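In what follows, chain A forms one complex with chain B and a second complex with chain C.
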Partner chain A sequence: MSDLPKARIATASLAGCFGCHMALLDIDERLIELMKLVEFDRSPLTDIKRFTRRCDIGIIEGGCCNEENVHVLQDFRRNCDILVGIGQCAIMGGLPAMRNAIMHSDEPLRECLEEAYIKGPFTQNKTQIIPNDPALPLLLDKVYPCSEVVEIDYQIPGCAPTGDVIYEALAGLLSGRFQGFEREHIRFD
Partner chain B sequence: MTQASTFETDQDQVALICERHQKDPHRMLDILRDVQDQFRWISRETMATVAGKTGLTQVAVEGVASFYAFLSLTPRGRVTIRLCDDIVDRFAGLPAVVEAFENALGIAVGQTSADGAFSLEYTPCIGLCDQAPAAMINDVVLTGLTPEKVREMVAALKGGKRPEDLISHRFDALSPYERAKRMVKNNVRHAGAVLLGPVPEDAGLMKALAQTPAAIIDQIAASGLRGCGGAGFTTGMKWRFAEQAEADRKFIICNADEGEPGTFKDRVLLTERPHLLIEGMTIAARAVGAREGILYLRGEYVYLRPLIEEVLAERRAKGLLGKAIMGVEGFDFDIRLQMGAGAYICGEEGALISSCEGLPGEPKTRPPFPVTCGYLGFPTVVNNVETFCHAARILDCGAQWFFDMGTEGSHGTKLFSVSGDCINPGIYELPYGLSVRALLEMAGGEDAAAVLVGGPSGTMIARDTFDRKLTFDDLATGGAIVVFSPERNILEIVEYYMSFFVHESCGYCTPCRVGNVFLQKAVAKFRQGLANPADIAYLKDLSATIIETSRCGLGMTSPNPILSTLENFPLVYSAMVKPPKDRIRATFDIQSAISDARVLAKRRSSIYDKDFTK
Partner chain C sequence: MSGFSFQIDGVEVTAKPGQTIMEAADEVGIYIPRLCDHEGLRHQGGCRVCTVKAGGRSVAACTQPAAPDLVVENETPHINKLRRDLVGMLFNEGNHLCPICEASGNCELQAMAYRLGMTEPTKFPYLEPCRPVDASHPDIALDNNRCISCGRCVRASQDVDGKGIFGYVGRGIHRHIAANGPDLRHTDAEVTDFAISAEVCPVGCIIRKREGFARPIGERDYDDHLIGYDIEKKRDE
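Here is the complex of A and B:
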């Protein structure tokens, strides 16, 4: 087993809260077993910013709210054999997609930014300026789930998913026998 | 000041309307229709008044008011023009007609003119498919529209004429039947032995009254008659269940909702054989022991309302409705007319009953079935217009006579409404068992590339299967036959019909409410050339889910336009798929996704704009 080349995993956090990345750690001591089978390539966990080579599995947290998210996601799709969306943000847009509810406006994006930076009842912004540094990526018209931007092979539900579910998925994918989840593991009511 | 006083009188009038309907919450649809007719909309204040009068909550009233397309929560024009935007009308020249309306009225579809004079709207099939493009203008209908006719009409309306005056300058002097005939051609192309040939008056009823209820039902059962509304349930069995149910009250309901796009045979029966229909309902009442009946007429057929009312009154006067019918002591039966208000789902029998009860037109959970627990919880027979007409003829001419026509399992004749790309659109009464090809030859549609049998909830077939038979066991149909010539775009047709189901889903179940939207979007993707091979499996998967998890027949059949074309026109789909590049979705367009932000931020994208540095 140990002679086999280790599977390479890359991860990215797009429009998410990093909670799903933290949830990876909820695998607890099984992480030690897992690390015997895998090594991490591009990931905030390794701080590697570019793919060093093609990866077996890419794990995406968060949906796409700006152009950089799209760019990273497309890069992951090109460089990973299997792409896994983790958490509701990746799967459905999640919390950030609440801004998609501003739909009966001619300028939903402006309305959203004004609410956030100027008009919101709890906003304290003495400059009354909406941030617009040239280094900031342009926002998308709405928040897109990952599967609308690229093909996603698997989705791990939850906000954040439990360690068990994440382990079940990763172990299954690594052994090539992933069949979906135990029903009780993905029941949330 | 004046406003307050008009408000008071308005609400007084609303209260009067409620009184007119005995403040009965089950008459909610009638009350709100009357309000709509008088005020052209239903305001919040009005809903409060109606709620107060009928003892319902305001949300309950709003639930009804917001459900039906012909009721509106914002003011509509004094003249409301509803254009049928079915695919048949589009192919028959609707776009030019729309343009003419928009130009002449100075408003776009969906708008009401500033002076409140006109509203222009789209509506699904209004049952005039054989004379498309067609439109409703308030309570009258206009057919065979052309841009020239539209310009003349609008000029006349603007000049102060009533919509009725467009039909005839002596409209009011005409009999209801003459009015209907002026508005709409019957286009009976082939009269069969049962319905559209010569029919003696009330001969069936006379014979029925000499028999026991059980004997009547036996005859209907022996004739092999099956429901003509689409589902094809055995009529004899339905009547027997209702007859056996023990209850204080029983109901006979005639389903004249005729909402399936491409179907207009009931329209012709209602115009030409209204007495036969009422005769059939009366026989059914005798058979099952019902004393009350309802004729549910779709809102689109409001132009036939005076005709039906006249027929009912005439029959009451002749002792054919009311107490002791034809002098038979103890046989009492009367019918009230219930107008619908623009909802396809109300053709589904549960939804139809809900609608008669004054509720939003939502289907009911089955079982229990209407025959045991229907209108207001009482045993109820719901049959299609054509079914009742057949029943009356069977009682007159005998079960065997009917049974001998048609084929094994599909006995008697059937009315087919043929429309679309053929020389002779109209009604064909033919025995069951004819091939589609034979019907196409009669209708002058031999060049067809595709035929939609049974409307969008039916089956779309291609040339190679035109020999299939029009029977319950092969191609079942409530009567709609829509013909498409080779130059028509199959995917455009499919997308239209999916948008129809999206529009008409009652919204109760998520798979139907949401799933049909996804299906429509997926078909749109195919049309734009953005679909990938996996999308075919997606269409099938999602369709299967919708069919399996929907509560009523709408959801169970709404994926049919897709499923039947996937099966019979596979090349149409496969020609449009492209394997995605790098598994990146072609449907996501980054340029349009960032275009708003470019404008707001007043800068270009450092990632996606090549000329960023310029």
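Here is the complex of A and C:
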């Protein structure tokens, strides 16, 4: 086994809470077996910021809420053979997508920002300006699930996904025999 | 005409005249997925999640009467795919944020998605409609974002409570459930109504206030069992 080249994995957290990355640790001791089979490329876990070479699997947490998220996601699609969305944020927008429709407004983004920076009862913002520094990535009109931006090959459901589904997916993908999840393991929360 | 027999997925099933395919299946422990149908309520045949092939034709098992020697297909990959797409579209049509929903774990729509293995990337866009929340009533809230228009509350209120608190308004994609008044507070809805009880609304639309998240993860309806388990276990008995 040790002679085989290790599978190369890249990960990114877009509009997510990093909970899905933390959930990777819920694989518990199976992680040790898994680590014999893989090595990490670009990922917040390695702090490598750019792809050093093509990867076998890319794992994306979070959907797209700003233009930088879109660029990162497109970069992953270009550089990974298999692209996996992990968690409800990547799958359907998740909690950040609450800004899309729940605000009962024709301009949900404006209403969201005004509530956060101007009108909110606990807001202390003397300038009354919504942050608009050119260094900040431009927010999208709404939060998009990853599959609406690029083609996603597989999704690992949950918020955060359990160790069992993550292991099921990764072990299956690494052996090339992933057939979907045990129905009993699927959770959207 | 006395009892007769027909087949579901190759299993011989006995039925009484007038029974629907679903009623006969339930009795012998064969689960046919369903959302708009609920025991004790009149059949509506609206959601089509119970679609089966009977004699080669697609029919709603909750309204189609069983017939002698009928050959019914229920759990086939083709039918389950159709059901998965139907259920998926219900997610796309509303705003279903399961991680923050108080029905999560007890929700029939979510449990149906689990049972049907709905994990593939969505084929359809999320419509993300703007739908109001009606929290006017002191004991009840309606979060229409999660309503799947199954009509169970309509039938429960009309036929069981004798009140008619809920009804359909609008047409086509705009058709939705509304309270029979300017808001729920101005109806005679009470939290003790059958229509408001936990068993009637399959999702997290009708909410009894001060009750949310009472059962922890691990103790909710579908934490340990797939939806349909209570019917399927009859088969082993």
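The rule is simple: the second predicted complex is superposed on the first by the 179 of 189 C-alpha atoms of A that agree within 3 Å, B and C clash if a C-alpha of one lies under 4 Å from a C-alpha of the other, contacts with A are read in each partner's own complex, and residues count from 1 in each chain.
One rule holds for everything that comes next: a residue touches a chain if its C-beta (ideal position, glycine included) is under 8 Å from a C-beta of that chain, and two chains touch if they have at least 3 such contacts.
Bear in mind that the values here come from a model prediction, so they are computed numbers and not experimental data.
Asker: Given the superposition on chain A, are chain B and chain C in a clash or a fit?
Answerer: Because the two structures are overlaid on the shared chain, the partners are seen to clash.
Asker: Answer with first, second, both or neither: which of chain B and chain C does A:113 touch in the superposed model?
Answerer: The answer is first: A:113 touches chain B but not chain C.
Asker: So, A:67: does it touch chain B (first), chain C (second), both, or neither?
Answerer: First partner only.
Asker: Return first, second, both or neither, reflecting whether A:78 touches chain B, chain C, both chains, or no partner chain.
Answerer: Touch partner of A:78: chain B, not chain C.
Asker: Tell me which partner A:148 touches in the superposition: chain B (first), chain C (second), both or neither.
Answerer: A:148 sits against chain B and chain C alike.
Asker: Who does A:140 touch here: chain B (first), chain C (second), both, or neither?
Answerer: first
Asker: Would you check which partner chain A:188 touches, where first means chain B only, second means chain C only, and both and neither mean what they say?
Answerer: Only chain C is touched by A:188; chain B is not.
Asker: Specify the partner with more touching residues on chain A, choosing between chain B and chain C.
Answerer: C
Asker: In the superposed view, which residues of chain A touch chain B and also chain C?
Answerer: Common to the two interfaces on chain A: residues 142, 148, 151.
Asker: Name, in rising order, each residue of chain A that touches chain C in their complex.
Answerer: It comes out as residues 85, 88, 91-95, 97-98, 100-102, 104-105, 142, 145-148, 151-152, 155-157, 159, 180-181, 183-184, 186-189.
Asker: Name, in rising order, each residue of chain A that touches chain B in their complex.
Answerer: Touch residues, chain A against chain B: 67-68, 70-71, 74, 77-78, 107-110, 113, 132, 134, 136-142, 144, 148-151.
Asker: Please output the residues of chain C touching chain A within their complex, sorted ascending.
Answerer: 91, 95-101, 104-105, 110, 113-115, 117-122, 125-126, 128-132, 145, 217, 226
Asker: Mind listing the chain B positions that touch chain A in their complex?
Answerer: Within the complex, chain B touches chain A at residues 534, 580, 582-585, 587-588, 590, 592-598, 600-603, 605-608.
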